[in-house]
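Please find one structure pasted underneath; my questions will follow.
Chain IDs A, B, C, D and E follow the sequence of writing; residue 1 opens each chain.
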Amino acid sequence: MSVKELLWVEKYRPRTLSEVVNQREVVERLKLFVKEKNIPHLLFAGPPGTGKTTVAHALARELYGENYIQHLLELNASDERGIDTIRNKVKEFARSRTAPGIPFKIVLLDESDNMTADAQQALRRLMELYTASTRFILIANYPSKIIDPLQSRCAFFRFVALSREDVVGRLKYIAELENVEYEEEALDAIYDISEGDMRKAINVLQAAASLGKVTVNSVYRAVGLARPREVREMLELALAGKFEEARKALRKLMIEYGLSGEDVVKQMHREVFSSELKIPEEHRVLIADYIGEIHFRITEGSDDDIQLSALLAWLSLLGKRARR
Amino acid sequence: MKELPWIVKHRPKRVDEVVDQEEAKREIGLWLEAWLKGSPPREKGLLLYGPPGVGKTSLVEAFVKERDLELLELNASDSRRREELERIVGVAAARRPLRKRLMVILMDEVDGIDPRADEGGIEFLASVLERTVNPIIMTANDPWKESLRPLRERSKLVAFRELTEAQVVTLLQSICEKERLKCDKEALGLIARRNRGDARAAINDLQAVAERGEVRLELVEKLVKGREKSLDIWRTLSELFYAEEGWRAKRAVTQSEEDYESLMAWINDNIPKKYKDPEDLYRAYDALARASLMLSRAKATGEWSFLRYVFDLMGPGVALAKKGEVSKERFSFPERIRAMAETKSMREVREELAALLAKRLLTSKATVKTEVLPYLFVIFRQGSPEAAAKLTLGYPFSSEMLKLLAGARASEIAALAEKLRGTKGEGRREEKRERRGLDKFLM
Amino acid sequence: MSVKELLWVEKYRPRTLSEVVNQREVVERLKLFVKEKNIPHLLFAGPPGTGKTTVAHALARELYGENYIQHLLELNASDERGIDTIRNKVKEFARSRTAPGIPFKIVLLDESDNMTADAQQALRRLMELYTASTRFILIANYPSKIIDPLQSRCAFFRFVALSREDVVGRLKYIAELENVEYEEEALDAIYDISEGDMRKAINVLQAAASLGKVTVNSVYRAVGLARPREVREMLELALAGKFEEARKALRKLMIEYGLSGEDVVKQMHREVFSSELKIPEEHRVLIADYIGEIHFRITEGSDDDIQLSALLAWLSLLGKRARR
Amino acid sequence: MSVKELLWVEKYRPRTLSEVVNQREVVERLKLFVKEKNIPHLLFAGPPGTGKTTVAHALARELYGENYIQHLLELNASDERGIDTIRNKVKEFARSRTAPGIPFKIVLLDESDNMTADAQQALRRLMELYTASTRFILIANYPSKIIDPLQSRCAFFRFVALSREDVVGRLKYIAELENVEYEEEALDAIYDISEGDMRKAINVLQAAASLGKVTVNSVYRAVGLARPREVREMLELALAGKFEEARKALRKLMIEYGLSGEDVVKQMHREVFSSELKIPEEHRVLIADYIGEIHFRITEGSDDDIQLSALLAWLSLLGKRARR
Amino acid sequence: MSVKELLWVEKYRPRTLSEVVNQREVVERLKLFVKEKNIPHLLFAGPPGTGKTTVAHALARELYGENYIQHLLELNASDERGIDTIRNKVKEFARSRTAPGIPFKIVLLDESDNMTADAQQALRRLMELYTASTRFILIANYPSKIIDPLQSRCAFFRFVALSREDVVGRLKYIAELENVEYEEEALDAIYDISEGDMRKAINVLQAAASLGKVTVNSVYRAVGLARPREVREMLELALAGKFEEARKALRKLMIEYGLSGEDVVKQMHREVFSSELKIPEEHRVLIADYIGEIHFRITEGSDDDIQLSALLAWLSLLGKRARR
C-alpha cells in the first residue's frame, strides 16, 4: 500500500466528472467541453475543499485518458517563485508533444489568486503567447483577486461551499468502507470544524479514527481544539465575575489541549455568537469589538497569557457592570 | 512641411517672436553679453524656470541663432548619468571657444534629471558650473525641488511668466493668419482660457479643431475640454479647509498635484493657521496623526490600498474636524521643510562630530548625541574657555564642529587654543594636521 | 474558431472609426486627420473601457491599412517602461522606415498615466526631436497624472464614460447574437458594475452567461462582488444596532459571493462616503478610520471573521451612541 | 572536557527511548515503530522543554545505532532562511546513502510551526517528492499552526507539560550527581520559573549553581529576574500613590537586575495574580486589562521606561481613587 | 603637562583589567582566560556605564598587546544597518591575519540587544561559521533580549550597577588629579543624577568643573544646561493653549538640537513627572498615557513631527478644559 493510499482524502478522491457528487452545474457544463474535445481557458473559483483541483484532474482524465498526467502541467502559484519560473516551465511544457486527437495541453495553476497583479499581467501575455498549444486552468479562492484582463480571458466556474448533508453523507460513506465506529454528533462536529471544506473534513475523520472510535471528544482532540462547552464555561465564569476561576479554566485549555493563544481567542469568538451562551445582545457587541483588539495584539506577537488575562479581566468587568 | 505639428512649425525663430517675457529676455541678453565680451559673469549658469509652454527653450534657441553661437543641447530624452555628462558636458565645458564662437550648453529640463536613473548627474553638473569656460543654460518648471539645490545655488535664476489669455489669443491669431484659417475670435478666446496660459497646448488644440479652413466656436466648445489641471497646493488647501462635506474634502486631497507626503506636511503646518479653537485643532491633528500612521503602515506592509484611509483621514478627517470658524489667516509654506533644508549642513556636522567621538569613547553615535554632546555644549558655551580650548587641541575637531560646539565663542576658543599651543609646543607633526581646522577660523 | 474569438470583447471590437458607435465628436475629428493624412501628437483621456485603445487602433488601421501594426509601436503598462527603455525603444523605432505616403509612424503609449514622472520627463523632448517621423498617442485614464509639459505637447481628446443606454444597448446586441437569455435588470446591474467601461461590461456579460441565464444574482456572483446595496444594508443594520442581523448579512456576503475579508472591507469603505448612506458627515470619517484599522489588522494576519465582527460591533456601538 | 559536556542539559539528556521518563504513551507507540524498522512521517507537538527533540534523537539512535547522526538531517525552520534553503538541504541529503537494513533517512524539522503557510505548502510537496527515501519528523509547539495537508500526512504525537514532581525530581537527581548544594525551595522556584520546561529548568539550575549554593536568591539572580517581593513592592508603592518611589523601584529593577521592560511587565502580571498582593479583586481585573495594553505597546517596540511609567502613574491614580 | 586635554571619560578609562576597580568577579574570571590565551564567546550584560566596553577593550589589550586594535572588530548594532552589513564586515575581518600565538580575532558587538530576533538568529550562524578564527563579545543592557540560542553559546558575565562608593571614589580620584575643587555633597549629587552610570557621572563632573568649583549648585546648573530648557517651555506653552509657540519650540528641539522624535518624547516624559511642572496629578497620568500612545505610533514609523503636533494639540485642549 503506497503512502498516498494511506490518506483517505486521496483514496476517496473522485476520478471522473461523474463521480463528483457536488457542483453539479459546473460538471454538466464541463462535460460539454469534453464532448467537443476542446476547452477555453478556465477559471475555477470557490472556497477551499470544494473540489476545484479534483474537478480539474477529472476533466483532464476524461480528455486524455488514464495517462493524462503527461499532458498536464500542475503549478502552484504560491510555490513557484515568481512569474519567471512559471514562464520557463510553461515554455518548456508547451514545446512537448500533444496527445493524439487533442491539439492542446493543460496548465493547471493552483492558488493563482496569490499572484501579484504584475505577475498576473505577465501571465496574461503568457496565455496569449501559447494559446495555440495550451489551455490554462486557473484555480482561485477569491475571484476578486484575479485581475480583469485575466478573468475576461477565461470561462468562469464558481464552486460553492458544500452543504452539511453533502459532507456528512460522504463521511459516513467513508467511515463505513473503512470500518470506523462513530457517533452521529461527531460527524456534525467535524462539519462544524471543517466549514464546508471536504478535504479538511476527511482529514479530521481520519485523524480522529486513528484515536479509536470517532466521538465528539476524539474529534476535538485530533484537531487540537478545545471542546466548545469548556470554552463557554470559561466565558461564563469570567462574565460572572469569577475572574480567578476563569483564568484557571484558561490555563487548563492551553496546557491540556495545547491551544495557542490564537486558538483560544478564535474559539471564544465562536462561542460568543453561539445561542447557548445566554448574554444580552449588547454584550455580544462589546465583546466582539474587544476580541478583535486582543486577537490583533496576539498576532502582533504580544504575550498570550497576558493578553488573554486582559480579555478575561475585561469580561469580568463587563459582567459586574451589568449586574449593577 | 505640411505634416509637421504646428507647435514645431510655428516655433519662434527670433527673440522678438517669443511672446512677452521681456524681463527674461533682458536678463538673458545681458548675461550672454558678458560672456561675449570675454568677462564671464560670476554665476556661470543660468536657470530659466516657469510653467510649461511659455517659451523657455525656444528663447534660448532664438538667442543662439541670432548671436550666431554654437549650441550643445541635452534634455530628458538623453541619459544624464554622471558618466554620460562627463563625456559630453564635461568636455564641452572645458573647451575654449573656437574662433571666438561661443558654445552655449543647454541643459533642458533639469528637473527631469532622475536621482536614480541619472545617478550623479546633478552633482556633476553642479561641479561643472564652477569651472566651465562656456555658458551653461538650464531650464526647469519647478526649480525649488530639493534635488536641484546644488544647481540653484550656483546659478542665476530667471523667471518666465505665465502668459495672459490675451497674449495667447494674439499668438493664435498670428498662426491663423499664417495657416490662412478663418478664425472666430471667441473660439480662440475659449481655447486660450481652457489652456490657462500654456501657449503650446493652445496651439495644439487649435490644430485639432481647425477643419476645412476655419475654426468655429461650436466645435471648440465640444472638443476642447481643457487639460486636466490638478489642483495646485493653494487650491487644494482652500478646498480642503473650507469643505463642509466629506466627499469634497476627499476630492481636494485626491486631486492635488502635490504627492501625499508633502501634502501631509502642508496640512500639518497649516492646521493651526485655520483652526484656532483647541477642540477643532485637536480633532484635526488627531485625524492627521492617524493618517500618518496609516501611511507608515502602507509603507511597512507594501499594502498600498491603505492609502485610501490616508486620504480619508487627511482630507475629510481634517476638514470635518471644525465645529468653529475657519480663521482668515493665510496659508503658508511648510516651515519645517524650509528649516530642514536650511540646517542640513549643520546637521551633517553634528553627525560627523558624533561619529568622531563615538570612535574615541567606544560607544554608539546615538549615545554620544544624547549623553556626551550636551555636556560638551555646556563646556564650550558656558564653561571656562580654557577647558574648551584644551579639548579643541585634544580632538581633531574641524572648524565647523568647533562652530557647532561653541557657537558665538568659536573664534575666541580657537584663538585661545592657538595661543596655548604656541606656549607649549609638542608633537609638531601631529599638530600640523589638527591646525588645518583652526586656521580656517583664524584667517 | 480561435480562442480569441471565444472572448466577446475581442469578437465585438470595432475595427474602423465608423464602427465606433460612441465618442462621435472625437471620431469625426479624427476622420479629418485621416483625410489629411496628418495627425498631431494626441492624448486620449477618459475612463477605462470608453474605447480609447480601440479608437487608436482603428485610426492607425485607417491610415496604414490592415497591416497597420508594422507602423505602430505599442508600449503597454505591463511592458518595461522605465526611463531607459523609453529612450532606447522609441529612438530605435523612430529610425525605422515609414509607410509609403505617410511620413510618420505612431507610438502608442497605453496607460501612460502609469508611467513614472521620470519616464514622462524623458518623453518630452523625444516628442519634439522625432516629431518629423513619429507621432505619439498617449492614452490615459487620469490625465492629471500626465505631467503638464507632456499634456501641452498633445492635442487633447476627452473620451466620456458611456451612457447606460450605450452600454445596455450594446449588451443586448451581443446577447441576442450569442443567444443568451437575460433579465433586463441584470444588464442594468452590469452597467453599474462596469461604471461605463464597455470592455468590463462585455466581460461580465460573458462570465454571467457562462453561469446560465443572466440574472442580477449571476452577475454579481460572476464578478465575485457583493451587491453594493447589500453591503450598504449591512452597514445600515449595524449602525441601527442590529448587530446579529448585520453579522448574518456579512456571512451571506462572504459565503454567497465568495468574498475575502479584504474584499468586504474594501466594499464597505466604498460605501462610507456614498451619498446613499445617510449618516452624519463626521461619522463617515470615524468609520473610514476604523475600517482602515480593521483592514490593517487583517493584512497583519488577524482572523477575517473576528475582525469583521469587531467592525460591525463597533459600528453598532457608534450607531447607538448617535441615537442617544 | 568538551563544551557540550559543560552543559548539563546535554550531559543529562536521555539517550534511549527507555531513558525518557515522561511521555510514556508517546514512547510506547514509538517503540512499536522501532520494532518494525519503519516509521511514517511524524508530528511531535507540545510545549517547549517536554522532550520532543530528545525523543526524536533517541528514536533515531534506536533505529540506526550510535552513529545515527549520519542518517539524520536536523533543520530548524526558524533558522533556515526560507523554504529554498530547506529544499536544497533536503535534496542533497536525500541523495546520500541509507543505512543498511533501513531504506530511509530522517529529516528532523524543529519549530516547524514557525513556517509560513506558504512554506508549509512547499514542505508538503517536498515530503511527497522524497517520500521513498526519507521520513520527516516535524516538531511544533502548537499543532494548530501546522496546515491541514501537512497534519494529515503525519502520525500525530502530543507531548504534555511536565509536572512539578517530574521536574523537581530530575533537578535533584542532577544536583546530587554534580555535588551541588541546594535549598528545597530553590528547586520549587526553578520549577515556577521554568513553567514545566525541563530544558529551561536544568539551565537555571546550572547557572544558579555556578554562583555557589543554589538558593532562592541565587536562582533569581541567575535568571536575571527580580525576586517577586521587589516587584510586588513596586506595585504596592504605586497603588499607595507613591509614584516617585514606585518609579525608583522600577529603575532599580531595570538597572540592578537588568530587566527589560517586557520582563518587568510579565513579572508584574504574575504578581497581580499572586495571593500575596492584597488588593481588591476588581483592581486585579482593571490592572490585568491595562497591562495587556502596555505589553502590546512594548512588543511593538515602544520605549520601556515610557510605557512602564505610564503604567505606574495609572496605578497610583487607581489607588488614589480607591482610597476616596 | 600637556595643554591638550581629552574628555575625562576617555582619559581615565582603565587600560588593563587590573585597572578596572569594579566588577571584580568578572575581572578575575577574565584574567584566567588571558592566562590560557583562549576565550570562549562572551556575553557582557549590565546597565549602561558599568564598564562593559571598557573591559572588553582591556581584555583585548592584555591578549594582543598595545596594538590590539588590529585584531578587534568593533561593531555597534544600533549604528550598523541590519545584519547584512555586520555579516560582510565580519566575513572580511575573519579573513585577515591573526596575531602570533593567538589563533583567533575578536568581534565586539555593542548594543547587541538592539538587534531583532531574526538578526540574532543570523548572528548565531555567523558565530558558528567563523568560530575557528574569531570570538564574539556581545554587549547588552538587557540579557533577556538576547535569544536563548545565542545566550547558550556564550559565557555569561553580569556587570552590576556601580555603588555610590565606587562612583564617588572614582570622581574624587579624577578631581584630585585634575586639580578640581569640589564639595563632597556635589559628588553625591552627581551619583544621584548618574544612577550608577560611570560615564555619565564623569561627564557631569567635567562639565561642572568647567563652570568653576564643583558645588551642588554647579552640578545642577551643568545638568540643567545640558538638558534643553525648551522641553518644559514647550509643555507649558501647549498647556497654556499657545499651540503655535509650543510647536516652534518643538521644531527648535528637533532641528537645532537634532533630537529625534523619540528623544523629544522621552524628554517630555521626564518633564511630566518632574516636580517643576506644576500640573494636577491626574493630568500627569493622562499625559503619561497619551505620551505612551504617541511614542508607540512613532516607533511604528509614522511621522514624528505630525505625531508630536498631535500631542501638543491634545495638551492644549487639556489645558483649556482644565482652565474652565
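Throughout what follows, a residue touches a chain if its C-beta (ideal position, glycine included) is under 8 Å from a C-beta of that chain, and two chains touch if they have at least 3 such contacts.
Note that the structure is predicted; figures quoted are calculated from it, not measured.
Chains that touch both chain B and chain E: there are none. Ranking every chain by how far its Cα centroid lies from the centroid of chain D, the top place goes to B. Looking at B-C and A-D, the interface holding more C-beta pairs in contact is that of B-C. Comparing the CA-atom centres of all chains against that of chain A, the greatest distance is found for B. Centre-to-centre spacing of chain A and chain E amounts to 51 Å, using the average Cα coordinate of each chain. Separation between the centroids of chain A and chain D, computed from CA atoms only, is 31 Å. Separating the centre of chain A from that of chain B, both taken as means of CA atoms, is a distance of 54 Å. Shared contact sites, meaning residues of chain E that touch two or more other chains, fall at 300. Under the contact definition stated at the top, the residues of chain B that touch 2 or more other chains are 297.
The touch graph of the protein chains shown is a ring with every node of degree two. By the touch criterion the chains form one closed ring, and its order from chain B via chain C is B, C, A, D, E. Partner chain A is touched in their complex by these residues of chain D: 40, 45-47, 84, 118, 121-122, 125, 131, 141-145, 148-149, 151-153, 155-156, 158, 160-161, 196, 262, 265-266, 269, 273, 281-282, 284-293, 295-296, 299-300.
Those residues of chain E that touch chain B in the complex are listed here as 2-7, 9-10, 13, 48, 53-54, 57, 74, 76, 78-79, 110-111, 199-200, 203-204, 206-207, 209-212, 222, 225-227, 241, 243-244, 247, 251, 255-256, 258, 263, 294, 297, 300-303, 305-307, 309-310, 312-314, 316-317, 319-320. On chain B, the positions that touch chain E within their shared complex are 264, 268, 271-272, 278-279, 281-282, 284-286, 288-289, 292-293, 295-297, 299-300, 335-336, 339-340, 343, 347, 350, 357-358, 360-367, 369-372, 374-379, 382-384, 387-388, 390-391, 393-395, 420-421, 423-424, 426.
Only residues 2-8, 51-53, 75-79, 108-109, 111-112, 114, 116-117, 141, 195, 198, 200-201, 204-205, 207-209, 211, 219, 222-225, 227-230, 244-247, 250, 255, 257, 287, 290, 294, 297, 301, 303, 305-306, 308-309, 312-313, 316-317, 320 of chain B touch chain C when the two sit together in their complex.
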